C-alpha cells in the first residue's frame, strides 16, 4: 500500500496523467497514487523543483515521488532515482532534483537504466508512461533501489540552471519568483531556512524595483492595497496582496528576480 | 478504509490539494481520499456551502467531508466538526456548514480545538494542511468525535451571510445564483425541497428582469435559444440554455438574485 | 479492488466528478477510481472515443472504463456495456465506443437496462451519477455482465458520425484532428496501425493546405519553427512544433481534416 505522488507539467486537460496511473497500476495494482501537482508550467523545471523540495516531507515515510518535467524526453538525458529522508524520488536528471539534493543529504542516488523495469516498447515521447510509471510501481512494491541501475555521486547530478538557484552575495540573498499560484501570490524559491539568520522584523525584500520591509504572518493582517511579504504555504517567502492578486498588481510573474537583505 | 472528501477553493493548478492529501495520509495511510470539488471561486463561502449541502448524501454513510474556504485563516475564527445523517463534516465556522445544518438536524456539533490532533507547527496561512487534514485523518481512523473539542449548539454556529440565504416573503422564494458550472448553467441555491408546495407547471422564475414560466425536465427538451429552468444535477433550480451557455447569454453570474413564485 | 476509470466532459471546476465517485463508492466502497480524463470538450463524442481507444490497454486486465459524453442524456438513447480484451466499457450508445469496437473485436455487448442496478430516483440530467456510477460499481464488484441487460450485436451499435471516422479512399487515409492537448499538439484519429503499410520516411501528411513529409520520432529532433508530424503519446499521428504550440501556429483545432498518403 505504498504511496506514489505524481508531479508533472501534463496538466489535467488531457488523458496523460490518467494513462501514467494506468501504467503504474499495471505493475502494482495496490499502489495508492496521489496527484501532487500537474499544473507546473510546461517545461518549467525550476517550478517543479522548488515545489517538490517544499512538499515531499508532508507525506508518510516511504513515499515514492515521481516528477516529470522533461523537455529532453527521447534524447540521451539520464533519469535518476534518489533515496532521501526515507522517501524515494524519480525524475529526469535535468536539475529538477538538484535543490532537494543540495538541501537534504540524500542517502543514495542511482541512474535508472534497467530496461527490464520499463514498459515495452519504450516510446520516444512519453517516458512518464513507459519508464517513470513502471519503475515507481516496482519501487513502491518493494524492489531494492539498487535494481534500477548504477550508483552515482551527488556531484554528478545536473545542477539547476544558475538563474533559478538561490545565491548569497555580500550578505544579500538572491532568488526568484518560481510559481504564481491560483490566488496570484508570487511564490519565491527563498525558504525560511535561507533567511533564518535575519531578524524577521528587519528583513527587506526587493522585487520589481519595489522595496518591502518586514514580514507579515497572515494575509488578513495587512491592508488590501499594498503588497506584503510573508512565509507562504510552502514555507518560502511569498509576495501577496490581502484579498488581491499580487501578480496582476505588480505585473510580474515566474522568473522575476527577488533579493532579501537586512534593512 | 473510511472515505474523506475534500472541497476547497485551492484549485488544481498548485500543489496545495496534494499536500493536504499528504498530511491526511501521514496520520492515516489507509484513508480513501476523494476530490469533491476544488474549483470553488476563491473565498466564495456560499458556493461551497450549497455545493456540499447538495452532494454529501451521495457518499456512503460514515464519510468524512472536509470543506476549506477560509478567508479568515490565521485569525480567531473557529473550526467546527458536525455529525449529521451518519456523516461527519469539518469546516471553518464562517457560514459554510450553516445551510446544511439548517436543512438537516445535526446529531452533534463540536469546536475543533484539541491541538494534540494538529500537525506541528501550525502555520498561520495553511490550516487545510495543518489542522483540517490531520483531524479528518484521525476521525476517519475512528477516534471519537468528542476528542476534537467542546460541544456547542446549532444556534452558536455562524450563519450564512443574509444575501446568500434562501428566504420566503409573502409566498415568494428569494434565492441567488451560487455557481456557474462548466457548461454555463446558472445553479441556484433554491432546492426542489424549497418549492415542493408549488405546482411545477405553474412555477415562475424571475432572474435578470426575465420571467421564465414552468420547469423543463431535460436540457434536450427545450429550444436552443431561450433560457429554461430545470431541476439541475444538484436537485436545485438551474437556469440553462439547451446546447448553449446561459451565463453568457444572460450576462449574469454568481450572486445574481433569483425569485420563484406561483404563476 | 477492481479499478474503474472515468472519462467525461464534466471538467474539474464543478463537483460532478466528485459526486459520481460518491455514487460508485456507495455501492462498492473498495473500488479504486482513476480519473482518465475530464477535459473532453463539452459534448465532443469523437474526442472521447479516440482518447479511450488509445488509452484503455495501459490499465490492468479487468479494469472497468466508464465514459460519459452524453448530449442525449434524458432522451431514449441507449447505454451499452462492452467486454473487450479483458476490460469492460460502459458508455452511451452514441458512437463513443464505435472506434474501439471496430478496431478490437469485443467479446460481448449488452444494453444497460436493468433498473434495479440504478440509483433511485434516476434523474433526467445526470445519468453519470444515477446509472453509470452504480452499474460500474457493481460490475467492478464482480456481478456478471449478463445482469445488466440483453445482448446485442456489434452491428447494432450506433456508429461514429462519418466526418470523425478514419476512411481510406484510393490509398489516401482521411482522418481529422480530434484533440488539441495542453501543449498545443494537434492529435489526430489516425493510429500508427492505420498507416503501417506505409514507409515512415515516405509518409506525406496534408493539413490546413500544408504538406508535411516524413515522420519525426521526437519533439527535440526538429527545428522550433516548422510543424512536424510524429507518432504522439497516443500512438496516433500528431502535428507538433518543437517547444511551440502547433494549434496556434497553424490556427486550427479539433475537426480539421487530415490526409495521409505515400509521398
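Observations on the structure shown:
To keep things simple, chains are lettered A, B and C as they appear, and every chain counts its residues starting from 1.
Just so it is clear, contacts are C-beta pairs under 8 Å (C-beta built on N, C-alpha and C of every residue); 3 or more make two chains touch, one makes a residue touch a chain.
Keep in mind that what you see is a predicted model, and the values were worked out from it rather than measured.
Because contacts link each chain to all the remaining chains, their graph is best described as complete.
Note on subunit A versus subunit C: their Cα superposition corresponds to a rotation of 120 degrees, in steps of 5. Rounded to whole angstrom units, the spacing between the C-alpha centres of subunit A and subunit B is 32.
Looking at subunit A, residues 12 sit in touch with two or more other chains. The residues of subunit B lying in touch with subunit C in their complex are 1, 3, 5, 7, 12, 32, 34-39, 51, 54-55, 58-60, 63, 179, 181-183, 217-221, 230-235, 243.
Taken in their complex, subunit B has these residues touching subunit A: 10-19, 21-23, 25-26, 29-30, 33, 42-43, 71-75, 123-126, 129.
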